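Multiple structures are listed underneath, in structure tokens.
Note that subunit A is present in both complexes that follow, paired respectively with subunit B and with subunit C.
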Partner chain A sequence: MKNEWILEKNHLSYWLRQLRKERDLIGPLRDEGKDIVFRSVEQIHEVILDSPASLPSPKEFLIPQYDPMLRLKVAGHELAFPSRPQPVSPDVHMKESFGKKRVLDLMDKKKRVIFGVRSCDISAIRLLDRFYLKGYRDPYYEQRRKNTLFISVVCNNPDPTCFCIGLGTGPYLEEGFDIQLTDLGNRYFVQAASAEGIKTVRGMSFLFSRPRKTDLDDQYEVFLSAKARFHKRISLESPRRMILAGRLKDDFWQKVAARCFECGGCVYDCPLCTCFTVTDRRYPDGVERIRLWDTCLFKGFTRMAGGILPNEKRVLRTMRWYYHKLIHYPETLNKFGCVGCGRCAITCPGKIDMATIATEIKGLALNGEEE
Partner chain B sequence: MKNIYLPVSGKIEEIIPQGRDVSLFRVRTQMPLDHAPGQFFMVSVWGAGEVPISVASLSGEDNTVELCIRRAGLVTGAIHSLKAGDPLWLRGPYGNGFPLDVSRGRDIVVVAGGIGMAPLRPLIKWFMKKPEDVGQVTLLYGARTPDEIVFREEMEDWKERGINVLLTVDRADEGWKGHVGLVTGLWQEVHSDLKRATAYICGPEVMIKAAMGELFLFGMPEERIITTLEAHMKCGVGKCGHCYAGPRYICTDGPVFSYREIKNYSLLLSR
Partner chain C sequence: MKKIMTVCPYCGCGCGLYLHVENGRITGTSPSRAHPVNRGSLCVKGWNAHEFATHPDRLKYPLIRKGKSLKRATWDEALNLVAARLGEIRTKHGPDSIGILSSAKCTNEENYLMMKFARAVLGTNNIDHCARLCHSSTVGGLAAAFGSGAMTNSISEITDASLLFVIGSNTTEQHPMIGMHMLEAVDRGATLIVADPRRTQIAEFAHIHLRHRSGTDVALLMGIMNVIVSEGLVDADFVRRRTENFDPFEEELKRYSPATVEGITGVKANDIRRVARIYAMEKRSMLFYAMGITQHITGVDNVRACANLVMLSGHIGLPMSGINPLRGQNNVQGACDMGALPNVYSGYQKVTDARARRKFERAWRKKLPVNPGLTIMEMMDAARVGSLKAMYIMGENPLMSDPDLHHVRESVERLEFLVVQDIFPNETSGLADVILPAASFAEKEGTFTNTERRVQLLGRAVGAVGESMPDDGIICALAEKMGYSMSYRGPYEVMEEIALLTPSYGGILHHRLSDGFGLQWPCPDSSHPGTPYLHRKKFAKGLGTFITVEFQPPDEPPDEAYPFLLTTGRLSFHYHTGTMCRRTAVLEREEPECLVEINPADAERLGIRKRTRVRVSSRRGSIEPRALVTGRTPEGTVFIPFHFMEAAANILTNPATDPGAKIPEYKVCAVKIEKIGT
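Moving on to the complex of A and B:
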């Protein structure tokens, strides 16, 4: 039997309330400004399902912007530290006898259900899985990933900036999701793919009914209409080939870099940017080792001992961002480091987002301007 | 779930000064941390942070590791203010380490600049331990000034044990009678056929680039010109992105690379 059901829309909030009993319920909400953010849901009716893309992406629930990792506990009197965290000077540090200190693991073990996630973001998380869990497995990511259930929704109203359709990462998914909902007007078509997703739906089977032929037809129609609504049809394959073939003029990236404000907005909002920095923060009773989002667009990102800056030229940093997503991701993970969510296009003040630059590169080819 | 970011505490047994702003820290851990030449540890002082430091010793049986550290910034400054008996925290070892199969039966040229001697020291110790495995070993070492030469006394010992040690400085002082100039100006003193030898190089990036390029022009095959690269690192395990260069992570794909592996990646060597 296929893992497909129908959920009447007036049962949705009951279902979510039930899920909230065991997990923290996270959903897309409108914040004080007008951005859409994923936050803990107090009032279920405030969840906005046909919203534009959230800023940032729900990656912040797997790799939070501020992520405490370890804590070293020390008895208070042994440290003459100020009560508030302050910048550390090299001459102040812990001096204490061997083996008496205790390091606590600050692993976040909270169970969450994230509702209303877009297909592109689920595609991104599947790539994050491959990145974080290959080689050395990142325990903080793995723990959160294991404890998080994603309920994604098929996009039937893509933003003007969206281009997942060109990358096969949306607007709906064939596989790899936990639970996927398709809005059929007065009801949802519900699909479960992962073991946890199937278990979750079956656990409350009285809410769900079996789909009929008409439901399947309706879902198919939504899929077709979703695909037809995209403004942008961008492939990243031809830009990749242009770059690899060395067909861009030398000053191409110079011109792109000249438009970069080095704000890091694209990196923070990108569902696939993962770079972080690690820093120690001191408290009266110990030290916390935390990690924070970082961005390769900052000059100091690669600063080495003695103050050497390998990527001092801005053009090198701009290229690093594009090369990582367009060239190196396909080399190592066989996928582009972009899911077409369009967030960089919303954020970038210099209009050098992925879609714009990919289109520009393609335009060079069509106009025969390349060397 | 195993936490790869959790360091173990070690105890500083001895601190041996090595020239200006550089010291060799011998650290004892409760459990053995087996390490190979060319690998590195993430070394931390709680409250200051973590830095990648290459191993300067051969893995022994006594649970110790030696780290040669220059006072260069916040964390290394904090490490330098520690005394024998103080704790130092380690996790690792990480990285691939030097390939040793390319050295078998061949003459060896070790080219080092400044504190770039640190990761090459265990390699020299290894060659001295297994003299039957390799031919003539030559060390070309350059420092800015004579008082910045690291492992100076040890180098005398290496000389006595048959290693051709060639020293040079950028700026001589009154007592200096040796070479003045770049290490790459000492090739004529190497009594080995460079086409058949293997080179291990570490130092400032400009020196690495020059040495690799010149050895290649002398006919040394690309896969036997080996270097180890330095980078800003926050995790050491291929996640934080700081050492990412070209499609590679210096921490997990390196830090040891052959000329063949890096020559085409402009992002790596023209950084």
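Moving on to the complex of A and C:
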């Protein structure tokens, strides 16, 4: 039997309220400042059901901006680090003893449900999974991923900056989500794909009914209308080919780089950028090791011993961001390193975001300028 | 997870951002999409603003000096000691033997209370803050010309301008979000003129980049105006109806023919003509300036010259037309507005004006001092000769930020008593007798006023670290100990008092600031919507005044012994004396050390390569940074950022000041360079 149901809209609050009993319920809320931001929901009726793209992306709940990894408390003054964090125990308490030094494990064990996420962000999280969980399994990511349930919503109101449509990463998904809702007016079409998603719906089956044929038709209609609403259709394939064929002159990238403010916003906001740095903070009684968001757009990100900066020229770093997303991702993961969420277009002060640059490159290709 | 809307604590753009809080701990920052200044963007400092507030170095409890070291104390002990010592010194040497430095990093309410503390509790007008070092020339210069010394337009108007004239501002790096608006204006077809000796990022987008010699701004601007007059491009109607004193000014202009000016500034006469024509003929022209104009011994004249230029072409008093000093600190505009200055109360009401003084005397129930007090630089001089005995410094670090640091240190060491109130230990607190730990921006309520006069509410994300307290709470507690009652339920009550006594803040009340993104002063009453641009129909003081200025060379031009011109400034990853940004992992990682920028031609002559260690010396001292060889800085000039205590640029700088504004000439002094490494 397919994992598809119908949820009456007036049952939504009840359902979320039940979910909140076991998890921190996070959803898009309108703030006094007229922004819509994802944060813990106090008043369930205030959740915005068709929110625009949030800044930053939901990756903040899997790889937070500021992530304490471990803390050493030292009786004497001698400090030592274990070679690897030992992530097991909940929250902050003692895990293991190394002589006089106590190793504290700061693993985040909170359970969360993130409501109202967009399809593109779910597609991005699936790529994050491949980065963090294939080969070396990042225990911090793994822990949070396991404890976080995403309820995504089929977008029927894309922002002017959105372009998932050309990339197959939205506005709705066929697979790979936990739970996906399609708004059918007075009811939701509910689909569950992951084991956790299915379990969550089944656990409260009395709220859900089986869909009828008309529901399926209605859902299909929503899909069609969603697709029709995009302002932008951007293919990343043609920029990729242009780059691979070496048809972009240095001059092009120079012009792009000249506009970079080095704010880091595109990386911070992007749902699938993963750059981080690790730093240690000294306290009177020990040390805390934290992981912080970082970006490859900064020259110091690749600094080598002796202060050598292999990517000192800004153009090398700006180019690298595009190369990583347009060339290296497809080579290694067979997907573009961009899901078309449009956040970099919102946040970039220099307007050199993915959509703008991809469009410019395509323009060059069409004009045959670089042929 | 909670997200609390607040205002960035770094620069004067005043971007709206959210602080993220998880389990009572600050864990991140993100931009506000709806905010009119940053519109979903932040610069790298804003993105990382969450980090320093939780840094373990934060001061967590009061400290009192015992011999060579500082020992932990209770609030009561510390405040009793401060109250007793300040009281004693006041009795023995008079109130003017005490000096106060307020802070452009603190809220309006805190600055207001600090100036009330100085005037009503101590009885001195000796209060000043770092605006002295950045925009005192603006406050004085524009007030004399127009009656108000603030940015005339709003940041959101920039994108609709058709001409931007940026002089002495490295906008994309120092006011990034204003730079963003400028870039958008250029994309939309606006003409951009940049005047800056350095080839800054914004200069790369300029249609015309004038690289005049540092310190020749008056000549350059006079040359431009000379052309405007001689080619008949003056907005004669505007000059006649809205300004005064044009004739003597016009007379003076005659001495600045483009050819003469070319000789002084090094800018081609033809470029001067081009700029004059474009600027005068374009409508919707906005002029922007920053430290490149103000930090000279002719700072006030530089500002006056800018003011004359906008009046001459009638580019003021309309949207997208005006003169826009870009204020540096998050709340330097507010600290000035609140009267943390030696000569004015809040709203620039003069202490020498008997009516204003009576008004404050009645409200504060205290006789107030009559004579204007000392400026920062004068306090340092007074400390050195022994007439200033004590200082109370809140949120400032003069031992890094003032010029000629050796001299400043000597002065501060001579004080009998020094109180420092800050969030981190810094160079200055090392000399303190008492250190009072303050709460950071994330831990308090109040308002900041950004560079476009927008008064914005802070959001309190978490409780104060350790035993630290918000600055306003500390000031009030100290006032009580000194026998003057200052009791408020919260910053909103302080703001009510400010509104009562300050005409331009008359309608600014906390409850009005929470819907939307604050209010722009002047806002005279509680139904007033705020003022996006100034001097509509008439200037704040009635007629605009042309003030005649004359070119004067810098105080210490390069000579044979010290052949290079040193100019100082900031980097985009750092902020001022580095107390916050150098405790932020990514910012510090990006620019971990001081580099002196030197032109490739000079470098080659001296055998200096990238990262060669050099000794840079002036008549006042020397530092040893490494070299960064770049064409950004012109030949004969070197540039050093002033963030790094390991190689503090202000050891070198010249303490000569503008005679009116008392702003030091950070932008020009003479140095020599020796290669000491390989």
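Simple rule for what comes next: the second predicted complex is superposed on the first by the 341 of 371 C-alpha atoms of A that agree within 3 Å, B and C clash if a C-alpha of one lies under 4 Å from a C-alpha of the other, contacts with A are read in each partner's own complex, and residues count from 1 in each chain.
Throughout what follows, a contact is a pair of C-beta atoms (placed from the backbone, for glycine too) under 8 Å apart; a residue touches a chain by one contact, two chains touch by 3 or more.
These figures come from a predicted structure and were not determined experimentally.
Residue contacts after overlaying the shared chain place A:Thr277 against subunit B and subunit C alike. When the two complexes are overlaid on their common chain A, residue A:Leu333 makes contact with neither subunit B nor subunit C.
Using the contact criterion defined above for the overlaid structures, shared-chain residue A:Pro310 touches subunit B, although it does not reach subunit C.
When both complexes are overlaid on chain A, the residue A:Leu72 reaches subunit B alone and has no touch with subunit C. Of the two partner chains placed by the overlay, subunit B and subunit C both lie in contact with A:Asp294. When the two structures are aligned on the shared chain, A:His324 is found in touch with subunit B, with no touch to subunit C.
After overlaying the two complexes on the shared chain, residue contacts for A:Glu60 are found with subunit C alone; subunit B is out of touch.
In the superposed model, A:Tyr132 makes contact with subunit B only, not with subunit C.
Subunit A residues 277, 279, 282, 294, 303 lie at the interface with subunit B in one structure and with subunit C in the other.
Against subunit B, in their complex, subunit A makes its touches with residues 69-70, 72, 88, 90-99, 101, 103, 105, 107, 131-132, 135-140, 142-143, 274-280, 282, 287, 289, 291, 294, 296, 301-306, 308, 310-311, 316, 319-320, 323-324, 327-328, 331-332. Contacts from subunit C toward subunit A in the complex involve residues 1-3, 5, 16, 18, 20, 22, 26-35, 40-44, 46-47, 50-51, 54-56, 172, 176-177, 179-180, 183-184, 187, 201, 204-205, 514-517, 572-573, 585-586, 589-592, 611. Only residues 24, 26, 31-40, 52, 55-56, 60-61, 64-67, 258-259, 261-265, 268, 277, 279, 281-284, 288, 292, 294-295, 298-300, 303, 307, 346-351 of subunit A touch subunit C when the two sit together in their complex. Across the complex, subunit B meets subunit A through its residues 1-7, 9, 11, 30, 44-51, 70, 72-78, 81-82, 85-87, 205, 230-232, 234-235, 237-244, 246-247, 252, 267, 271.
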